[in-house]
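See the structures that follow.
One chain, chain A, links the two complexes that follow: it is found with chain B in the first and with chain C in the second.
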Partner chain A sequence: MSSNYERTAGSRKRLDAWGIAGWVFLLLLLVFTVVPLAWMLSTALKTQLGALQFPPRWIPTNPTTENFRMLLDPNDDIGRRFLRYMLNSLWVSTATTVVGVLVAVPAAYAFSRFRFPGRNSLFYGVLLRNMFPAVIFLIPLFILMRNLRLVNSYGSLIITYLTFGLPLSIWLLKGFYDNIPVQLEQAARIDGASRFQAFIRIVMPLSAPGIVATAIYSFILAWNEYVYALTFITDDRKLTVPVGLQRFFSEYVANWPGLMAAAFLMSIPVVVMFLVLQKYFVRALTEGAIKQ
Partner chain B sequence: MGRVILDNVVKRYRDVVAVDHVSLTVEEGEFVALVGPSGCGKTTTLNLIAGLLELSEGNIYIGERLVNDLDPKDRDIAMVFQNYALYPNKTVYKNLAFPLQMRKTPKDQIDQRVRETARLLSIEPLLERRPKELSGGQQQRVALGRALVRNPQVFLMDEPLSNLDAKLRVQMRAELKRFHQDINATIVYVTHDQLEAVTMADKMAVMSGGLLQQYDAPDIVYNQPVNTFVAGFVGSPAMNLLSATVEVDGDTTWLRNGNDWASALDAKRGAIAQSASTDAVIAGLRHNAIHLSPTETPGAIPVRIYTVEPTGDLTFVHGYLGDLLIVASVPPGTQMHPDDIVWATFDLDQMHLFDGVTQMALASEA
Partner chain C sequence: MSAITGSQPTTEPPAPEERGPGLAGRIAALPGDIARHWSDYLYILPALGIMLVVIAYPIFYTVRLSFYSTPANLAMDDKIWIGLDNYRRILTSDSFRSVTRNTLEWTVFSTFFAYVIGLGAALVIQREFPGRSIVRGVLLIPWVISYVSAAYIWKWLYHSDYGLINDTLIRLNIVDQNINILDNIHRALPALIIANIWKEFPFAMIMLLAGLQGVPDQLHRAAKVDGAGTWARFWHITMPQLKSVSVVTILLLMLTNLNSFTLVWVMTGGGPAGSTDIWITQIYQLAFGRTRFGVASAYSVILFLIMMALGYFYVKALTRGDAEREGA
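Now for the complex of A and B:
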């Protein structure tokens, strides 16, 4: 009894030492990520003059929402352009996500459930693309897009993002389907469902967290992408936000508050998506990894 | 309820034959157990009946219909899986309702059937729970309920009890048997546990290597195994199988194993032994057909005890007869210890004889 007690006490103490180290590490990580974000928000609320003040201040002396108003005002020249970029990004990212999920779900399911000739080589073939840095494909894809007359179109970006995002989406989702016992579908088929009905009514709801995670992943990938958007799109009306921001940077080089406000607005959709769906996302990452 | 006919059923995976020309008939209302060691083809056979796998050859009839090319949903069967396969995102009620919904049963009828089934299986208080909130036994019952809810022609069960703990398994075994009697269901039941088959089934089909070895009532399979595989598989502890050569010495027929042992046979068994294709035979003796005695008697064979297992109502003694490990039972409390030499005599009335070459039972002992 007493030795048992000591052992628990000992392990708790050891846990505490590791615990403290863990907390310190996490705290550093938190500071590292939060400080730039806080600085971004702080600067976005400053006036042009306030941003250049020395020594810099965390709390703006005359906080203003003028920068946001300017960016979100469709009657303002800058606002019109910024909103246009946002809409472009939204369209490209959403299309990438929707098409990606529509393709990845059946593909992953097939890889998980069916044995067909060439299954393995196809599966690893799908992953082959991810073994090379994306930049390698920049010139070949640009030439391809030019020949397809897709330069300066949203399509060029959607197709490109799909080729990057799909392999990992399929890989991620396959892990999900592998973990759903095949007997559930068999039971459904015996209970009166067709193969397709069994998939829609039994498998789909169970894989919802995985699908949500995959969707978020594709969306963020497309939303943040810069190099391809810069190369494929030259028409100012079709630029996506990351490239558009860079234009701001060069045209309004001194306007730090405006740039920070734009950066802040750009990060909102992703943050909101995470907050709404984080429950699924966490479940996806854990459930996909651990076998029941 | 309907009957199931398997007619020369074959399932091949490339060059592996998983089920090899199996033919058997499950009569209406019969409880048939498919038994055999892992990989013997019993689950494959069940999946072929269910339609979850495609036949390579042969025909399967359910009721009076040929179902070879029918989808599982059109075969009018229900299945209970080893892991129960309850839909984890649905409540018990919805799990039970699902088969009826898929068949477009009117809502009020669904409700009535679900509640009736729940009452029958005493799971009414659980209807609003989800599968993961249930114990193993409760999940098992829900799985049974989902099969029962729509009066199928045949129930298929794939090791439904093997995930339960020992005590619950015995209890559910009794419940399943009672369930079979109450609703007069046709049941095809897969198990690797021959005890489940013996205790519950009307008939058992013993499979090995994709082949159907024997298909008969459990007591016949137990008492008249057709070959050494069935003899060794059915019954616990397994039957002792002793290789021997037949020697005829005047009127007496002897079974002899080198210098280890020899045993004289009576006239009837002598004749049976001599009918073997060569002089090689295998004598099959269950634990209760070998008598062990601490004192030497004429004709007794020495056995060196390896270990002694008291089980309460019987004590099993494992020992070396020559270099073959055999098992015999003695009344509880008998004083025997490892490395003692004891003396074995065979009960000829309970001796099975198999051909040493073909491994098939010789004649019938009837």
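Now for the complex of A and C:
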């Protein structure tokens, strides 16, 4: 770390053209990133009439929290539906995350520690999931779910979402396990711990950042997923938030403030979760995936 | 989880020097190996089971369906074998050509700019400055929010009557009155690509940021002592170190973009006049709009073959990283 400081201190003294160009670039990039987000929030605080003005205003003339109140009020018809979508999403995403971690951890551990035949081909076979276009699964899975009478069930979404998150989860976690010296486990085994105990007491704590990172990743993927939810769920009461949002808009056309408020509310859980835990995510990527 | 409690002495992790045994010896010992390691497979069984049901079966089914003409009512028992007719019809149609052109434009521009912007962001964010982790967090927000939210945010920004973009263009005297953006066949695709870059560059940034952690400081200092400028150090030290991360990032971006659906579907639905129709929206429209599952399946298979080719390079890039690591 100290060497890093020296380096930047040195280059800051010189303040070369590249350094300045970098800051200008960062500033422009921040504007590009933040303006659409700020515009969403600004619109969400407007009345419907206030939003349909040209030229548009950054600061709403009559700011109102009515849009948020409507969406979060269980006694309001729209609010009841929106809250139900949020709960549906929460249930599907949580279930996907929990099952995903329970499945990914032993698999990644086995791929890292054991030398069974076919280990490499199976590992890369799992990773290949990322290669396939989502639609290639959409049509047959829709027909399969229809035949199994699983259309309009959360199970159909949970099992599908699992396969989105698993490849990256297994890959990241395997990287973590590769980095944990086998000798630590062996020492615990010599001291009389079973393999399971050694796993729980030694390996799990050391790989916790990786597990947290893969859990966030699975949760965000499931929370945001749209195509499968659009196809598998037709019952309005069972919709997840992304499809619910679209349904909402097709019924209340031109209610941009309401739509922006809903988009804002549905982003809060994942954004907060990610910002709080981003250091684990970056660390997991650095240690798990991109080792030199 | 009970599988973990069973402790077989044979599943003991081997010492490092046992890695990479000879290929011939391995094949000869295969049946015995499998028998000896049977309990190892229990660990990966749940993962494999899920992947098989949700991946292997659908691929098989899609390939089969692509040779049939399917009835619109989804009664799959009434399908008729028509051989390669679906493929012939797709490959000779005009729409295939225009959809492919749109898809290539979408994929190439989105991937290129997401990567370049992500690289620039990673290089700046890597510097030490106050508020660094906040800036990094803010830049990651577009990647974290859902494609549906992003689509509506940008649809609203591009709005032809009340949109912020139109307002800005007028203020900057680029146009003198409101223009149609998403309703214009020449502007819709570029507009979607910009929204897509907004959504994707943070992914490239975070991958490359992780890759930059692996660049040794000594190299930079040594090069500086030798009088290398910022550009020379970037080109001869940083970039070579980022090579493998870059390959993986670019391939993942390309695959994501070839698979894009939500942004286009929500913002334009493929219109106006098919000017933003890409492969996946076209397939979705064929399957769930016009219930022509046979043709849509054939389309998927064509796309699948293209992805497999890319996937080959992806796995190769990943395995090379592994080989380097184990050799080191």
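Note that the second predicted complex is superposed on the first by the 271 of 292 C-alpha atoms of A that agree within 3 Å, B and C clash if a C-alpha of one lies under 4 Å from a C-alpha of the other, contacts with A are read in each partner's own complex, and residues count from 1 in each chain.
We take it that a residue touches a chain if its C-beta (ideal position, glycine included) is under 8 Å from a C-beta of that chain, and two chains touch if they have at least 3 such contacts.
These figures come from a predicted structure and were not determined experimentally.
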Per-residue touch tally on chain A - higher for chain B or for chain C
C
Contacts for A:Leu162 in the overlay, against chain B (first) and chain C (second): which applies, first, second, both or neither?
second
Now for A:Ser194: first (chain B), second (chain C), both, or neither, which partner does it touch?
both
Touched partner set for A:Leu184, first chain B, second chain C, both or neither
first
Have a look at where A:Ala261 lands relative to chain B and chain C in the superposition and call it first, second, both or neither.
neither
If you stack the two complexes on chain A, which partner ends up touching A:Leu71: first (chain B), second (chain C), both, or neither?
neither
Look at A:Ile202 in the shared chain and tell me whether it touches chain B only, chain C only, both, or neither; answer first, second, both or neither.
first
Touching chain B and also chain C: which chain A residues?
194-195
Write out the stretch or stretches of chain B touching chain A in their complex.
50-52, 71-73, 75, 77-79, 81-83, 85, 87-89, 98-99, 102-103, 146, 156
Spell out the residues on chain C that touch chain A in their complex, using ranges where they run on.
1, 3-7, 11, 13-14, 18, 26, 30, 33-34, 37, 40-44, 46-48, 50-51, 53-55, 57-59, 61-62, 65, 74, 76, 117, 120-121, 123-125, 127-128, 133, 135-142, 144-149, 152-154, 156-157, 159, 161-164, 166-167, 170-171, 178, 198, 206-207, 209-211, 213-214, 217, 220-221, 224, 229-231, 241, 245, 252, 255, 258-259, 261-262, 266, 279-280, 283-284, 287-288, 293, 296-297, 300-301, 303-304, 307-308, 310-311, 314-315, 318-319, 321, 324-325, 328
Which stretch or stretches of chain A touch chain C in the complex?
3-5, 7-8, 10-11, 16, 18-19, 22-23, 25-26, 29-30, 32-37, 39-40, 43, 51-56, 102-104, 106-107, 109-111, 113-118, 122, 124-144, 146, 159-160, 162-163, 166, 170, 182, 185, 194-196, 199, 220, 223-224, 226-227, 231, 241-243, 245-246, 249, 256, 259-260, 263, 266-267, 270-271, 274-275, 278-279, 281-282, 285-286, 289-292
In their shared complex, chain B is touched by residues of chain A numbered 181, 183-184, 186-195, 197, 202, 205-206
